[in-house]
Amino acid sequence: MTAQDTIRARARELLENGEVTTFIGWESGRFENQTTPLVITDASDADKLVCNEYCVNTLAKYARDVVTRGKVGMVVRGCDSRGIVRLINDQVINREDVYLIGVGCAGVRDRKTGELLKKCAECRHGDPVICDEMAGDAAGRPQPSERFKEVHEVELMTQPERSRYFEGVYAKCIRCYACRDVCPCCTCRECFVDQRRENWVGKQNNVAENRFYSLTRVMHIADRCIECGECERACPMGLPLMKLNRKVIKDLNDLFGEFESSMTLDEEPGKLITYDLVDCEEFM
Amino acid sequence: MSRIGVFICYCGSNIAGTVDVEAVAEMARTLPDVVHVETNKYTCSDPGQEGVRNAIISHEIDRVVVAACSPRMHEPTWRKLLADTPVNPYMLEVANIREQCSWVHKDREVATAKAMDLVKMAVAKVARLQPLHSTEIPVHKKALVIGGGIAGMQTALDIADAGFKVTIVERETSLGGKMVMLDKTFPTMDCSACICTPKMSEVGNHPNITVKSYSEVENVSGYIGNFEVTIREKAKYIDYNLCTGCGACETKCPQKVVNDFEQGMSERTAIYKMFPQAVPAKPVIDAAHCRKLAQGKCGVCAKVCPTGAINYEDEDKLTTETYGAVVFATGYKLIDWKPLYPEYGGGAYPDVITGLQFERLVNASGPTEGHILRPSDNSEPKDVVIIKCVGSRDPNKGKAYCSRACCMYSAKHAHQYLDKVPDGRCYVFYMDVRTPGKGYDEFYMNTLHDGAQYIRGRVSKIYQEGGKLICKGEDTLTSQQVTVEADMVVLETAMVPADGIDELAAKFTVGRDADSWLVEAHAKLRPVETNTAGIYLAGTCQGPKDIPDSVCQAGAAASKVIGLLNKDVLQSNPQISHVNEAICQGDGACVGICPYGAIQIVQKTFRENSRKVTRPVAQVNPGLCQGCGACTVTCRAGAMDLLGYTNESIMREVDALCQW
Amino acid sequence: MSVVEANKTAQVGVPDSWEPKVIAFCCHWCTYTGADLAGLNRMNYPANVRVLRIPCSGRMNPQYVIEALNKGCDGVLVCGCHPGDCHYVTGNYYARRRMMIFKRLLEYEGLEPERFQVRWISGAEAGKFRDTVMSVVEQVRALGPLNLTREIPQFELPAVPDGQEAFNAVPEEVMPEEVSA
Amino acid sequence: MRSLNLSAISDADRRACEAIAGEAGVNLKDCYQCGKCTAGCPLADSMDLMPREVIRYLQLGAIDIVLDAKTPWICAQCVVCSSRCPQNVDICSVMRAVRLASKHAGKRPVPEADIFDDEFIANVRAHGVSNEQYLAAFYNLKSGHLMQDMGNATRMLARGLVGPAIHNTKGRANVAAVIDRALEADAERRAKAAETRGGEA
Amino acid sequence: MMKYAYFPGCSAETTGKSFTISTSYVADKIGVELVEIPDWNCCGTSAAALTSPELAVALPARSLAISERELPGLDVVAPCAGCYRSLKASLAYARESQENRDQIKRIINAPYEAKADVLTLLEVFESDDVREAITAKVQRKLRCLKVACYYGCAMVRPADVCECDNVEDPQQMDELMRLIGAEPVSWAFKTECCGAAQQMTVPVQAKPMIERIFQNAAANGADCIVTSCPLCMLNLDMREAEINAARVARGEEPFDIPCYYFTELIGLAMGAEPDEVGIGIHFHPAKTLLLQRELDALELEYAENEARAAEERKKAEMAAKIAAKKAEKAAKAAAAKSTDVAAEAEEVAR
């Protein structure tokens, strides 16, 4: 029995016996290699669920939207499960709100080129960090060795080069907020960019305001980013957002000790809302 | 539409000497919402203030900018002034054009331009301010003192004598703490019991003091003036209203238990008073050892009690009361040296004892009636070694700090030993002798003249051979290895905070240092206050100290409490954090960052999209919040904001400044 | 011509009258007091710095820094009490972490390190305040105007309507090379 | 004892002392001279300087006194001092570092100790393992203590514990090469350290 | 079957022969397989450390690297305490950083990743499996034998290298001795140094180091010293005669304290003859004490059996008495009842 079969069978059971009211997975579009997230409430739809190497969407964020309707069943890989941990640790949902069927993930592929997606090539945890049951075996992928390769490359540029580079990035941004919408760390009830507050954030789409948005977004997810890479994948303009996210993670690691966010439900408070008397001092 | 009034001060020539005040005023008139600009030679003078007051009335001003000296100088003056006018005292912004402009720049043109900018910033900010109102916090005129040792008793007595009610919570069955265990006190050598027990009975009989012995703090909520404290009074199994303290039960109880008060050197019964002069002078039953309570058999005490005070069904009692102030006087304990110093036998040799054990040995009411006898064979030791700094100044095995009182009490021990055993020899191994106190060094010199042999060096090892305790040390002054074949060794062990201090302090959000000593608000200027308003420190809970210092600090803490309890109400600072519950997500990032424990996550029900939704939101306790704003930065959505320094007002200021 | 390039062209001819603008966010209890003391002692320092008072360095939101740099400041200074001296016990410890990360992020994005600096200055260190201001202003002056595409606000309504500016700002055909990768 | 002119102690002396402490991974300022190291030392009786004094002279920068001291050469490296030190000063490592510094300075205040260790390493270099009987014999020859332990040697022979046969490992050539490379690396490191110290001066 | 890589050390075939013999005897019995590391070399001991830090790291690393290659997955056992400390220190250095490992690899010119742990024999014997195996194989308990367990310095210090949590009063060997019925005494010189190399270089000054150890063992009532290090053994056992000679010359009592390896005693308890485990080649006469204590143990056992029998007799007597009393009572009650019944019957009849 493949993982997909197990998922379909379990989804059906869970919906039929009322253990969950909603189930989140993926379905195929016109082609097998074109999938979209699928939310079902009817057991008879369970056979629409697919689980293959083209399931590019990370599902965690969907849990937030449907959890108000009752318990949610969902399929989780490493990234999805860490997203769920994030949501739980940020009090967005409760652990009891979700029933998680884990699948091991060896990475998903671009539907056009068939190549491993960038986010998956960089992924450090293909297997779920929490789940209620596993469908199939863990994938047990080895971790890629260079977590901060990209960051390092940018760091090696000269200052004017870096400045030009990111000016270009922000010139390209269209402020569609897709990066925010897919991010399981972006869970504010009302995002700061959506608020109508004078001088809080400008709504114009220009380089300066885009920079303001981007830097603030990075600082907001800093010590909580789960490195799922969804922001980068979702960006219609192809902006290298993980270079920013990982820069902060790298610095937090270097300065305040190794960590990885959202690995357990009882994780330590984030690096930016804690301190150590003997933290290093770079200012003087 | 706001109506801003701008008042610019010449400050004689202090400002006007470098800044073209009239030009600044001219510019200010062009700023949006500014309806009135006025200059004054001395705005803070009476006529100056009168001018401001009149202008507010005649121009219907609702926000005020004062461009003058530093707000650290006169902000309170302006607030007071506005309190008498229709303008809210917090609708005020001060532009510092003296200390940070006219006094530090020489070029008139440059300074004037900067003054204009500072006024622009102030105008921009004041336009975004909202009226704030301080609330009055009632003060419950009652104090809680935690700990009934000498510091706690002194604090309680001082507060009670000033006419306020005090409750002492004491964990043990009697007041007295460590001091009552001591034999004599340096440097005067007066008998510890003789000066401590009268204090105990004074406390016990004081009409304003309630003693809750055998009790601990269970729970705390509230803030300065209003601490709601739940106290757990452990079951004593004796009705204190009936008990006369006759002691018949103690003489008949068949169960023997190691006596902690005597430092394990004698036995007591399962129904017991800690010591004869205990206050309250009534016994309790030690439930863990009582045969009746543990095994259901016995009941002798109930049979012999003439008043029927024994109640085996007794249970812990919880009471909750509100206190205006809390004093920590939780004291210290001696470090458990046994696991730390296997080279000293790790507790295997009965004649290696601690200083507190020595105090009991030398005490006339102690287990040996004041005769110094070895615990192992009750013989009189002729060679005694005293080792200082066991656990102190030893980051490897114990604590890095100096325990401060040991130099003096080891000198006292040497003196007492030589006094009682004139033909004995006493060696004191020390690294430094620290005697900074009145009469202290004289006392130490006297001990030397008594014949105590001071050896500068730490002892490396103690082992037993032929009934002797062989102590290997170095006399670092002659660079010789030295050996003493001792009969008894006294270890002067380090002071460490009392058990359970971490949990207790956490309940009150009182800070602790790395060694768990409680942290004062300022090492020099606020030595008995904590960072949580309304909570004070007395005695060794703050750090090692001797009796005079503890009593001194107790008096200081009491005077702070009296000052607080003398007020009927406190004015709250309205510039505190504020939660916009509509966007608060309740993820609690702000909770941990608050140094005052002022933020809580609570479940609240809202009507949202015509549904009832119960969700977590942050709640700021206005009594605890001090207005630092650390929480605001953790709030990504900006639901948490600091009144008086709101995100919007600061951003406005930045913007205004960027236009110069 | 892209925005980036336009900005660069503009910088070639820095007007002689150009003076650096530096904003200093100072904690009320230490650095603001130190700055006042500098005044009392009649010390002298460049007028290019404007002090903005905040209650504690822990109040310092990174967004203020971005705003200042975006809107026309050439340098930003954040000052607070020395670690261990915070009036609110722990505020500057959090600030230290946050500002350290944020400063590295800004520099990663190409900001010159001198343009964003953090200092601990106590209420007694008037001389340190003066020296810090002098050195920061001089460093920023040496760097010249901040080479960032900015949005300098007018006190009145913005000259260009939002949509129009956005339209002008991102002509797709001249997208810089390195971004499209 | 002669007086020690502290003003005559040069910066180079101080740096040399610091370098020794650095080799041992010790901050000399940690030591507050309590003497617990000396008190527990099983060989302090036979030392010319107490272990505590060695640290003290290092603190003072009196490098010559330290390098001439017998103490580090008598030290048995039993680590009892370090393990009981209240300030976590690794005195035993300091002793080792002083002894090496003294050796490299061409001094050997206790020639026997130097001969023993050199013979030991030579023995291992030649055979891959240590042959105790020859080690003892060569040691006696070189140190001039010809009769030392002769009685015990006969007793060992009688019990068949030692004999004339030499033990060799197969890879003794390889062992010798390892020893040579290690000593080369040692020399290289010292040369580099000396250079940086010189550079500082 | 537990399997370890075995680092015998240079003394294994010479001065430490008894240790080797007894170790292999016990290991065989309890099913611990010790595979000798092929072509191992001398660990360098303190001589290397006092020559060059690089050398001190490199010499043990060579043997460990060979073990890693030839005996992958096996932890290394070094019975000699001196070897143990050298190996362990080298291992700790290698595990500190990749840089250190690279440096070592350059010097020994071989691959080395510092994977395997280094253990003392005592650590191997600490595991529950081994302890059970020993208990199962014990044939006669060494009762009445009062032993002073002597660990020496190299096995426990430096504490961070040797990962020892009680450097002043370790207990592993004492536990083992209890397991075989011997009675470990509490004494204070368990980890004091005996000055192995110093006995060569500064013999006069170093003699008291040994004497003090005997002194404290004797003062605390020990019959003998038990050790786990061949160097300590040689020092104590061989030099006891010299020390005694000096003591006699000073007019003091000579010591009569034989020394044993802990493995020898375990072997004896498992039924070995003294010569089988190498006790025959000790310097200080070591068999008499064992015979004496065996005799004591027999006597003790006899006395205990007597006491037990007496106790049981007493109990039986008591039980008999109680039973008799009970029977008497029952008879009385029955008699009373029967009279009652009779009386009742009479009444009914009337």
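Assorted remarks:
The letters A, B, C, D and E name the chains in turn, as written, and every chain counts its residues from 1.
As a working rule, contacts are C-beta pairs under 8 Å (C-beta built on N, C-alpha and C of every residue); 3 or more make two chains touch, one makes a residue touch a chain.
Bear in mind that the values here come from a model prediction, so they are computed numbers and not experimental data.
Traced through touching neighbours, the fewest hops from chain C to chain D number 2.
For the pair chain B and chain C, chains touching both partners: A.
Set side by side, the interfaces A-B and A-C show unequal numbers of C-beta pairs in contact, with more at A-C.
Of all chains shown, the one whose average CA position lies nearest the global CA mean is B. As a whole-number value, the distance joining the C-alpha centres of chain D and chain E reads 32 Å.
Computed centre separation for the pair chain B/chain D is 52 angstrom, with centres defined by C-alpha atoms. Rounded to whole angstrom units, the spacing between the C-alpha centres of chain A and chain E is 58.
For chain A, the set of residues that touch two or more other chains comprises 199, 272-273, 277. Looking at chain E, residues 167 sit in touch with two or more other chains.
Residue positions of chain B with contacts to 2 or more other chains are 343, 461, 593, 647, 651, 655. By the document's touch criterion, interfaces exist between A-B, A-C, B-C, B-D, B-E, D-E. The touching residues of chain E, counted against chain B in their complex, run 166-169, 186-189, 215-216, 219-220.
By the touch criterion stated above, chain D contacts chain B in their complex at residues 32-41, 44-45, 49-50, 52-53, 80, 84-88.
Chain E meets chain D in the complex at residues 10-11, 13-15, 17, 38-42, 44-55, 57-59, 62, 103, 106-109, 153-154, 157-159, 167, 191-193, 195-198, 200-206, 208-209, 212, 238-239, 281, 283. Contact residues on chain D toward chain E in their complex (touch as defined above): 23, 42-43, 45-46, 73-74, 76-80, 82-83, 90, 92, 96, 99-100, 110, 112-113, 116-118, 120-121, 124, 128-133, 136, 139, 148-149, 152, 155-156, 159-162, 167, 169-172, 174-175, 177-179, 181-183, 185-186, 189. Listed in rising order, the residues of chain A touching chain B in the complex are 89-92, 187-192, 195, 197-200, 220, 269-270, 272-274, 277.
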